[in-house]
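In what follows, a structure is listed as structure tokens, so that the remarks can point back to it.
Residue numbering begins at 1 within each chain, and the chains themselves are lettered A, B, C, D, E and F in the order written.
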Amino acid sequence: MREDELFMQGVELMLFGVSAVVIFLSLLVLAIGLASQVILRFFPQPAESQAVAPRRTSAAAESSLDAERIAVITAAVHQHRQRRRNG
Amino acid sequence: MREDELFMQGVELMLFGVSAVVIFLSLLVLAIGLASQVILRFFPQPAESQAVAPRRTSAAAESSLDAERIAVITAAVHQHRQRRRNG
Amino acid sequence: MREDELFMQGVELMLFGVSAVVIFLSLLVLAIGLASQVILRFFPQPAESQAVAPRRTSAAAESSLDAERIAVITAAVHQHRQRRRNG
Amino acid sequence: MSNLLRLWDSTGLAHFQPGQVVMILIGLCLLFLAIRKQFEPLLLVPIGFGGVLANIPGAGLAYSAAENALHSADPAVLAEMARLLGQSVASDAEALLQALGLAAAPVQQAAASAAEAAGFSDGMLHTFYTVAIASGVAPLVIFMGVGAMTDFGPLLANPRTLFLGAAAQFGIFATVLGAVGLSTLGLMDFSLADAAAIGIIGGADGPTAIYVASLLAPDLLGPIAVAAYSYMALVPLIQPPIMRALTTQAEREIVMTQLREVSQREKIVFPLMLLILVALLLPAAAPLLGMFCFGNLMKECGVVKRLSDAAQNALINITTIFLGLSVGSKLVADKFLDIETLGIMLLGVVAFAIGTASGVLIAKLMNRFGSHPLNPLIGSAGVSAVPMAARVSNRLGLEANPSNYLLMHAMGPNVAGVIGSAVAAGVMISLVGV
Amino acid sequence: MSNLLRLWDSTGLAHFQPGQVVMILIGLCLLFLAIRKQFEPLLLVPIGFGGVLANIPGAGLAYSAAENALHSADPAVLAEMARLLGQSVASDAEALLQALGLAAAPVQQAAASAAEAAGFSDGMLHTFYTVAIASGVAPLVIFMGVGAMTDFGPLLANPRTLFLGAAAQFGIFATVLGAVGLSTLGLMDFSLADAAAIGIIGGADGPTAIYVASLLAPDLLGPIAVAAYSYMALVPLIQPPIMRALTTQAEREIVMTQLREVSQREKIVFPLMLLILVALLLPAAAPLLGMFCFGNLMKECGVVKRLSDAAQNALINITTIFLGLSVGSKLVADKFLDIETLGIMLLGVVAFAIGTASGVLIAKLMNRFGSHPLNPLIGSAGVSAVPMAARVSNRLGLEANPSNYLLMHAMGPNVAGVIGSAVAAGVMISLVGV
Amino acid sequence: MSNLLRLWDSTGLAHFQPGQVVMILIGLCLLFLAIRKQFEPLLLVPIGFGGVLANIPGAGLAYSAAENALHSADPAVLAEMARLLGQSVASDAEALLQALGLAAAPVQQAAASAAEAAGFSDGMLHTFYTVAIASGVAPLVIFMGVGAMTDFGPLLANPRTLFLGAAAQFGIFATVLGAVGLSTLGLMDFSLADAAAIGIIGGADGPTAIYVASLLAPDLLGPIAVAAYSYMALVPLIQPPIMRALTTQAEREIVMTQLREVSQREKIVFPLMLLILVALLLPAAAPLLGMFCFGNLMKECGVVKRLSDAAQNALINITTIFLGLSVGSKLVADKFLDIETLGIMLLGVVAFAIGTASGVLIAKLMNRFGSHPLNPLIGSAGVSAVPMAARVSNRLGLEANPSNYLLMHAMGPNVAGVIGSAVAAGVMISLVGV
């Protein structure tokens, strides 16, 4: 490859590259704006609960093998013992 | 393979499969019963300690690189300092 | 391989091996002594800070994504809120 | 200009096919169900995301180097591949892809080398699939972690509940029959191995289903995994109507006697006993049940807490990420969008329903003939789907009698169902496997 | 006696070459910078240590089995390798090593088999490199972890800052031009692929630079990674003078309006939107940005905390250890001590400087034409180097106005820079890659 | 009917061989010792369990695809394998297995391909062994973790204790002599490489023993690992009588002067210094000691806490699980139940005894000629077996003098013993390795 050719390829790469990055990120700016408007208008979330509620449900979903089960089991055992004592 | 043959193979697979699962789990029921009786009669564990004791020994076995060593080292250092002060 | 030869190889391996281990560890003893003297004389560390200071800087380096950022952000938010209230 | 063409040609827009659009929407739909409806999110988030990645046109993330070479449509490459595969030079990519799938191992290796020499490489998801699933490792590691999280106490306190775990596996084998039935009727085209892999969906156990599918029907792994996890998430919807239909109010009100406490020694002996039974009777189930027992032994023996913690946390979480993405790689349009997928989804729900019904019916039978009262609602928990199915039993019990806590009683058949479907998997592999 | 010779011959002293001494000193120097000056220690500690290991004479830790066979200088082995490589039997090790590098895949495999049969094996670091980097996996896994640690809130609150992330990538492409310029002038010998890989240093993003270098210029991976991480650590020194020179005191004092709170739903939708944009426009960036978006989705969706934790902790830490050591394997003297390395170090700092300047200048422009005030100091954060560059912006803002906290505003361009350089990487790979 | 036969044929009962029964009992016995007696449970639980898995008849978990094909006794497969291995078609499976073991790499690959084409696959434990041990990675990663958990403070405060670490390695070399002696007498059939690998048991360091055995005598890896870990667990029984016999009450009562505090800088410089000494003198020990020093540097440098934590927790725990199972794969009956195993168990305990004695004797010598008092009880800690041996020294010291805490003093020779046996391993590998 001749040296000039390499340099021209470099120039080309720069032009295409810069344009591609700018175009891509511009589209992303548009998409974000659009999505934010759609979400805030049609699917709003109560500002307060947003930080807490999902975390709680997720925790529940995950701790299914631990916390919830243990809690219910404890309740069940307690119940049984109560009954035996009273019975 | 003829279609009828495939279906017969399916039937066979079902019969053998169901029997195998039932036989296997029945043997497991027997084995569990036997093992429980043997263990409860010949190798009983004090009900209270069972939850605590093994955990403690295991913790000791594992924290060998940390807790116990640090404790003894601390004691040693303390001892030396005492001695120096008194000496 | 004749059996005698094998035994002689074993003897040779023992001699070379023991010597190599002893020489290596002796050099290590020398190197440790030298390094300790150089460090203690030319690059001393204040005995007190040594346990604390590096740990703090390292923590800072690592928690860069968490603690420090959160702290500054909190400060910034607080500042803004103050200004709005007073403004 | 040529660069501009190359740039356009390198966009996805230039190559999108309708199937890929559909599959990306399906992937997003799985993500929606996982995130919003909390359908087994730990697996369906990675699977759904992997499904989207697999269908990005031109990226070839789910294909091997050789497949990517054939998809490239570069004439020189196609000619070379045709030569290696022993096909006519005029063959199109489609034909060559088929020939590649059928080629012997050395030919496939040669094709892979040629593709790599031409600058193509294995897609990221294909690499994950090869390492995690084709090797069989990921489902086994997850099974070890599940073993390390499972408490066999309720099962050991009431071993009869193992029969409920056995009964619910009837759904598996009935589904096998359903699948070969569909083939016999000419509606689908499932082989016996395919049918066996589809049946395991009824085992309601993700890693077992993926393990069996990777051995018996790798092409169907995508729909099988999606069906297995989707229906597991739908257990609270699928099971209750069946359970209500098959039981009377009086039966649902039955209060079971409290379970005895199980000693640590019994818990340590159990995984070893199960392992020995596997060794004696069903070596084909040894990888699955062996790793399961190993995980459980690590948990119960109490002297290797470090290892048990690793198996329950870092290791199973890391493996789950890659397992999910790998399954996603099987959601490529040309493999997933097929009439067979519909058949699998249909058979899957039938399997769950039959398994639930068998469990409940056998529980009713055992209640009639056994000495201790047995609430038939815990029979449905025998399908496994741990711990969802046990919670469904508990919920229906509370509905019938507000102080009737069945959860602990249902955990027995629930974990028995895991063992039951692993045993069923072993039977399938030894009878149908090559 | 023969054993004594063998023992001496097996010491490092008998084989030390000056280049290895230099490289070991460079490795120790990197360790000093990492430990004492806290230059990106998480990467530079393993890289520096790996560099020392790679240059231990006679250990061959960084070489493949075949390379180790050729380094052994055993005449019988050399003759056999020469035969396999189709070279004259009289060829020396140097010539054979070159021939091996250029050989086709099957020849390389044959050479590897012969070397293993003769008792040579892959060096430890070579194994790590093959598994972690050559497969492309390690940088992608780290990118997933980074995604799981990144908060896009500030970016979503002020999406215009994405333009700053785009502007700063100009440094990348200017550096490409610089590299081909040096080749045109005959000062260096960089191909277009080399130039593209070098340019990515300007992206100020370690895993992206390593990923691109492993695809486009594996031979230059060592210096590229060292340059990328070194300059990232030097951001607090490189950027401030440029930022001060290009802004006025009045501009630096600009107070920006507080960012709005961003809802969780917007945060969940963002990675999916970015993924779809990648699918539509730039499939070549799909592995990098796909894994990044996957990590971020796991974090934001809130239902897979286990997986998100694994990605942010165990997985990324383990991968970082092996990635660092693997990069170290590319610091062997015969590959690193080259005039090209100097060129790369020089071009790297130029890339950072140009990126910083472009970011600041575009920020000034946006401030002039936008409706909201925009402090140009946050433009420099667009190079990424998260979160160092954002902190530099914050520090200079406080210098100018003690109550002007820019950190949160600078996080927008900062994370935009990560996306920007991954996009640039995708463009490079699709235009320059084979 | 054919299915019934197939089902019976697929049970373990149909194939059990006496050796397998014995090995399963040995595996259960190891589990008993590990769980009940707490014999190095972190390794012996996975090793014991792996040993049971490896001997499940018909499952072939410990065999490669080609070995499984030969075990299948399918005549067509045997004939094909005989052809590939260049053996007469009439050869039985036994003969073919031997031929396979001796075959060159390309022939083995061809056999593997043929076996896979015939539907056989690598057993699970074989896969683990290949990835974890044959590659050399697992022992090295564990050594890195051990390095990250080791505090060299006591050693640096009193470097003379390194000589005790050297002295105790005499057990290693004496055992080598013992092994070749047994061969010379015709009682056993150990090669020099076998003898070297057996000797390393005396190093009382699990990963070092496994690493050396995997390089020098892979066939003996099973018994060597079992011996190493068993005797390490037995240190509190093996050492005290020897220590009491070789010391007087007065010597055991010696109180040592308090150790000085060691600065962080000395601790950071130490692993680098050790690494450079390895580079200069013993490159063959570079993988082992390099990873060890790397782990220790990560711990001491204080700037990569994330990585150091990963090395000490997630990574070492995960690796230990797979290392243990992989070692278990070497407990298959036909490789383990051999007269050589008895020899190894015998030589192993001799090695520990000689190492203990040498350590104590050299300590007595140093006490006589040194300026500071040195309690000979800490000499036995030089065998390593960290921290068990140091605790034994402490216990005997307290017995003799209730206020004589030797633990910290014994940690010096204890960690010196780790370095010493890694150095010995390097010497073995460079003198005996191919």
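One rule holds for everything that comes next: a contact is a pair of C-beta atoms (placed from the backbone, for glycine too) under 8 Å apart; a residue touches a chain by one contact, two chains touch by 3 or more.
Source: prediction; values computed, not measured.
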{"item": "If a chain touches chain B and chain F alike, it appears here", "value": "D"}
{"item": "Chain D reached from chain C - shortest hop count over touching chains", "value": "2"}
{"item": "Least hop count linking chain B to chain D through chains in contact", "value": "1"}
{"item": "Centroid-based (C-alpha) most distant chain relative to chain D", "value": "C"}
{"item": "Whole-Å separation of chain centres (CA-atom averages), chain A against chain B", "value": "37"}
{"item": "Rounded Å distance, chain A centre to chain E centre (Cα mean)", "value": "27"}
{"item": "Whole-Å gap between the CA centroids of chain C and chain E", "value": "25"}
{"item": "Overlap residues in chain D, where contacts from two or more other chains coincide", "value": "3, 7, 38, 41-42, 281-282, 302-304, 306, 314, 427, 431"}
{"item": "Sites on chain A at which at least two other chains make contact", "value": "13, 16, 20, 57-58, 61-62"}
{"item": "Residues of chain B that touch chain D when the two form their complex", "value": "3-4, 6-7, 9-11, 13-14, 16-18, 20-29, 31-33, 35-36, 39-40, 43-45, 47, 50-51, 54-55, 57-59, 61-62"}
{"item": "Interfacial residue positions of chain D with respect to chain F in the complex", "value": "104-106, 135-137, 140, 144, 268, 272, 275-276, 278-284, 286-287, 290-291, 293-294, 297-298, 301-304, 306-307, 309-311, 314-315, 427, 430-431, 433-434"}
{"item": "Complex contact set, residues of chain D against chain E", "value": "3, 6-7, 10-13, 16, 24, 28, 31, 34-35, 38, 41-42, 45-46, 49, 52-53, 55-59, 61, 113, 116-119, 121, 124, 127, 313-314, 317-318, 320-321, 325"}
{"item": "Chain D residues touching chain B - in the complex, by the definition given at the top", "value": "155-156, 159-160, 162-163, 165-166, 169-170, 172-174, 176-177, 179-181, 183-184, 186, 191-192, 195-196, 261, 263-266, 269-270, 273-274, 277, 281-282, 302-306, 416, 419-420, 423-424, 427-428, 431-432"}
